[in-house]
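So that we are looking at the same thing, I have put the structure below in structure tokens.
Naming follows writing order (A, B and C), and every chain is counted from residue 1.
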């Protein structure tokens, strides 16, 4: 498998505080990588760095051989990186349908989008997506009417509409019921292979369900990497994060 | 040499008046995020307060400062309770609502005190000139400068050395957390707004002897004061001082080189460029978002 | 209520287009019931101001750009028209082809270079649109590339307006200074004379307004318009879909400036002069007020808001009783609208549509009731 994304010696500091410090990570094409670690380990910051929300102080982010470190967010997104945020981020005043249409972003130019008026054949595909995440009845409702769980689903649907090659998920199952978590796991497993996915999660059951390889972060850098059983057997990981019970009981 | 000193004194004088007007705005905008377009009208009310005290009760300017501070402060308190508190989550809307208030205040003054220009007399002890480094400076201007410095010191002390200031800064940081610790955020905010308004009133009373007093006088002040606050950095009191003096010197200097209009236009252009490249203000360092 | 009607109500775009068309139709039919050139001139003036407010709604309501300097575009348009019409008069002092009167008074000897092209009417008409658009693109690019948002946009646009205003007043020799440009010729296009006090001018304004209104509506209904609304909601998120937010904002900002430019040109025709007050802070803030009262997120709302408020101002300030209290009432009404009707009068209309659409008369289905509850909830949340 070829390396799709490679972070090397990545570091960022805020007023001297090093949130990420010497982070190295290699993710292969089509792989689903889980990123775990205690609070403040720098997981979300790592995702922020990849998608350009935060600019690194040093180090490099190579994606398909292209350096992303100092690129603007929209260019990173165009090169194929999609992101779901920890706090669900959708467009509250737009309807669910409009949210999906914005997320369907094959053409990003101003003039291309100025001339395209009204509904297009693509809309049907978007309706299927809405159906898939159980929001088809809400297509014409503003997103502000949705509950927290539904908003999570909407954002996942936005990601599916965006159809990025590299998908970054930040705690996708937060606030979901166990059935919903299961459904999210199914989606992840289905996307795996065609998309490269990085998931930050605290729910160990979920991680075990979907992750091939798990990376553990601690104090801004990588502590351990391996399959679920390997990681949970790792003495250092147990110390800083998992506690004595290990994966599967957390 | 003497010419430069003269120039610097003029700049300091403009700057101290700017600071006087901007100080109240800096507190209101800096700590509450409220863009108070009625600030100019508070200034105007202060000026009319000084005029009225003199015209109806024969009270001189200096004693009436206390009355003006309390009076305009009380009005500020009412405004916060009646209007502003509904808008804490809608910063841009505070521009609109306070502008509406400003229009109302202007019209009320026009209806009660009349639209004609009013004049306020300078306290007789301050009418002379003072020699500073060989330059003659009007005594009243020196008084304003000293007064503003004192006012600033008091404000700084209030903000950083008193329980009230600590509470205010806590509410600014995170309103809900502060409330959980038993701080009455509503009260803190309304008192802060009242204090800011009171300062504006003082500013109005103090500038009254220098300019003519009219219902519209506030409009120009509010715009200038805003630029001072934004330029200084929204949450930095010292930044406000620095930017007020800087703008004062700049306006004075440019006005000498060209004319008042061009000076004003150039200062505005400089402000536009500065906001574009340093929206956090000149004197605030970047913080983690 | 029939089902077809409910379906119609549920389609926001269809309702919008219908209502817009009805209002425009009414504006066109208006002169048939009002045969008074003086009043027609006045209503034409309100329509022009409405255009400026409608243009602001496009940038403020749809893209979240609070442009406090809207009057700059308006004023530039107005001066472009005034310059062209001034050159069409026969100067008293210098005779045919000579200098405009105020230049003679200011000892200007030759027509400045930037006045020269205004001998051509097509150039002037074009300039009245292109110059504001060009300035807006530059200023917009300058601000939005630097990710200046919210309050800072308001301050920068306001400062730009003040600079423009100061320059116009300061350059009295070329602009007429405080007095502006007065004593203009009548606009003549395609052989039609547009006397300010005539039906022809009213119709000219009505046609331009309708065209601009539907143009703006088309922009909001395009995908770009949708993206703009997404930007207004959550600017950062839009970037992560690969859109270059800055250029979308520049689009809204400059289309808005172009429409304001057209409105400015018409204003000169209707008022028969151009003045620095046309690019003054008070007018600019008034435009914001109209827009807020009518409904910042509705093009038609903003337009009608301007007509309503400016119309009331015109009528009430003439009557003896209200002469003094008028401003007071206006200020209070405005504060109340900001506090309790953030979406203005158009917000009320939209609420009504949702409610009607959600309650079919015959048999309220479960889904429909839910929607009604949701609509109420949404309205409550937003207020």
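Definition applied: a residue touches a chain if its C-beta (ideal position, glycine included) is under 8 Å from a C-beta of that chain, and two chains touch if they have at least 3 such contacts.
Because the structure is predicted, anything quoted here is derived from the model rather than measured.
Undergrad: What chain lies farthest away from chain A once each centre is taken as the mean of the Cα atoms?
TA: It is B.
Undergrad: Comparing chain centres built from Cα atoms against the global Cα centre, which chain wins on proximity?
TA: Given all protein C-alpha atoms shown, the central chain works out to be C.
Undergrad: Go ahead and note the Å separation of the Cα centroids belonging to chain A and chain C.
TA: Centre separation, chain A to chain C: 43 Å.
Undergrad: What whole-number Å value describes the gap between the mean CA coordinates of chain A and chain B?
TA: Centres of chain A and chain B (C-alpha means) sit 48 Å apart.
Undergrad: So the centre of each chain is just the mean of its C-alpha atoms; given that, what is the distance between chain B and chain C in Å?
TA: About 33 Å, centre to centre.
Undergrad: Give every residue of chain C touching chain B within the complex, in rising order.
TA: For chain C paired with chain B, touching residues are 66, 142-143, 146, 148, 150-152, 154-156, 158-160, 162-163, 166-167, 169-170, 281, 285, 288-289, 292, 324-325, 327-328, 330-332, 334-335, 338-339, 342.
Undergrad: Spell out the residues on chain A that touch chain C in their complex, using ranges where they run on.
TA: Residues in contact with chain C: 51, 53, 72-75, 77-78, 82-83, 85, 89-94, 98-99, 101-103, 105, 108, 110, 113-118, 137, 140-142, 144-145, 158, 162.
Undergrad: Provide the residue numbers of chain B that touch chain C in the complex, in ascending order.
TA: Those residues of chain B that touch chain C are 35, 83, 86-87, 90-93, 95-97, 99-104, 106-108, 110-111, 219, 223, 226-227, 230, 259, 261-262, 264-265, 268-269, 271-272, 275-277, 279.
Undergrad: Which of the residues in chain C come into contact with chain A in the complex?
TA: 10, 13, 218-219, 221-224, 226-227, 229-230, 232-234, 236-245, 247-248, 250-251, 367, 371, 374, 377-378, 381-382
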